[in-house]
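Note that the chains are named A, B, C and D in the order they appear, and that numbering of residues resets to 1 at the start of each chain.
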Amino acid sequence: MRAPVAGYEARVRSNFAKQPLMATIGAQLTRVAPGAVEIRLPFRADLTQQHGYLHAGTIAAVADSACGYAALSVMPPDADVLSIEFKVNMLSPARGDALVARADVIRAGRTIVVCRADVYAIADGDEKLVAAMQGTMMVSRQ
Amino acid sequence: MRAPVAGYEARVRSNFAKQPLMATIGAQLTRVAPGAVEIRLPFRADLTQQHGYLHAGTIAAVADSACGYAALSVMPPDADVLSIEFKVNMLSPARGDALVARADVIRAGRTIVVCRADVYAIADGDEKLVAAMQGTMMVSRQ
Amino acid sequence: MRAPVAGYEARVRSNFAKQPLMATIGAQLTRVAPGAVEIRLPFRADLTQQHGYLHAGTIAAVADSACGYAALSVMPPDADVLSIEFKVNMLSPARGDALVARADVIRAGRTIVVCRADVYAIADGDEKLVAAMQGTMMVSRQ
Amino acid sequence: MRAPVAGYEARVRSNFAKQPLMATIGAQLTRVAPGAVEIRLPFRADLTQQHGYLHAGTIAAVADSACGYAALSVMPPDADVLSIEFKVNMLSPARGDALVARADVIRAGRTIVVCRADVYAIADGDEKLVAAMQGTMMVSRQ
């Protein structure tokens, strides 16, 4: 567990509220800790692919935002964070009641922050790993 | 240019019509050729991140579908295609009038198909490269 | 911890001994468990890049082999495993006395196995995370 | 074709000569143009995996160096370039007389440069695409 940067949670929550896509798909910020963020997405049929599973783009959106906010949570107050790239493996069909993406910072440098996210599908209270992301965020000072 | 598989365009168009996410975000299938597919997404503010640019998840959704359909276009009629993983670099802010993702098959094996997609933002008729994807699709026989 | 497949360790060790590159760079298989493999590489100046750190290709070689053998360790005796793709982040300069790559299977399907590897540089007994890989292996039956 | 930065070729060649790994594996810098670099690796059995094909780590080493030098070739004289991450797909077995990696800059920013490399195996004068890389380089001013 990292030492928290003052005001990190308010900054993450405020920034999340400014991402229209998260509202559009119904994603919720369910946990903010220093270097670790969880986003939850209730299942919606209009976010799926041809087999009725959540689309890889939906999964990527949630996991990427979780990574970005995990990175933001360890940055100083004047910093902003942008995704420069990510890679995601789809491990199992993403179906059930909800999707939960849990992201962790694995390396926070001055300019580059690297995160991993594990994405779970929740069905009847059970969690199953359905995707795994590793991504790179760039820090900019405003 | 590859030799076309009979009925490839109808199969791609029919499958695309079954992806609810594509309709939800307003994406259109604008070109289908053997091994090459283009998807266009008119800009919408509800698909953006905190700076008003299209969210990386939106970009990934469009590019991943383009890759998947490029792969499907070269497969035999009984095959289905699933994304097993992709990597995407965000190169420039994705803003303007529309996004266009152009995917090409770079290697089609029996089980694995690898594609690349270049994603452009279109503003006032000019195109700018804003993202680049490389991804892996798995073929399943139904 | 997974239930071990009979003979997994002998198969992994025998296969590792058949990878000429591992001998060429001096890599050693230091741990084999079901779904988890560790490879150690003593530092050598002839494996470095222009600043005297281990080259990203050297790091990738060790991490990729660790992922491949982690995958092989959970497969039935008649299976072989090939890397189809991986992604690796270089997190810090790789210098010190040795490099250690620890790979874990995060999803083992019938055809596709996904692994992650964490790569540490060891200097004076301390470990520092220097690279992180996520990769996809394909299983073939012989 | 980009406008060349003065002295780019000498800087790339001089830097390449300082990468011990390239000498260790026998790689040669066969082409340097603004934003485009080619590295050739004569086949050697001691760089292979268990089936006698070039190891994915060998392929990654050559492709990553090609990407790094493609990036360096478009940077100002006081800049240095480090790989922060790459992703590589292995498309076909890498065997034959030699491997050739051709890297191109697809986006050069002030801090981040993104490259792609196509890797070919050459056998009896024929080229076959065997791997594809997409990677991210970070620019540092010395």
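Here is the rule we use: a contact is a pair of C-beta atoms (placed from the backbone, for glycine too) under 8 Å apart; a residue touches a chain by one contact, two chains touch by 3 or more.
A quick note: this is a predicted structure, and the numbers were derived from the prediction, not measured.
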Interface overlap for subunit B and subunit C, more than half of numbers shared or less than half: same or different? same
Identity of the chain that, by mean CA position, is farthest from subunit B: C
If you tally the C-beta contacts for A-B and for A-D, which one comes out higher? A-B
Measuring centre to centre with CA averages, how many angstrom lie between subunit A and subunit B? 22
Subunit A to subunit D: how many Å between their CA centres? 32
Junction residues of subunit C, two or more chains touched: 84-85, 87, 89, 114, 136
In their shared complex, at which residues does subunit C touch subunit D? 15, 18-21, 23-24, 45-50, 55-58, 60-62, 64-65, 82-90
The residues of subunit D that touch subunit B in their complex are 87, 89, 91-92, 106-107, 109, 114, 116, 129, 132, 134, 136
Residues of subunit B that touch subunit C when the two form their complex: 84-85, 87, 111-112, 114, 136, 138
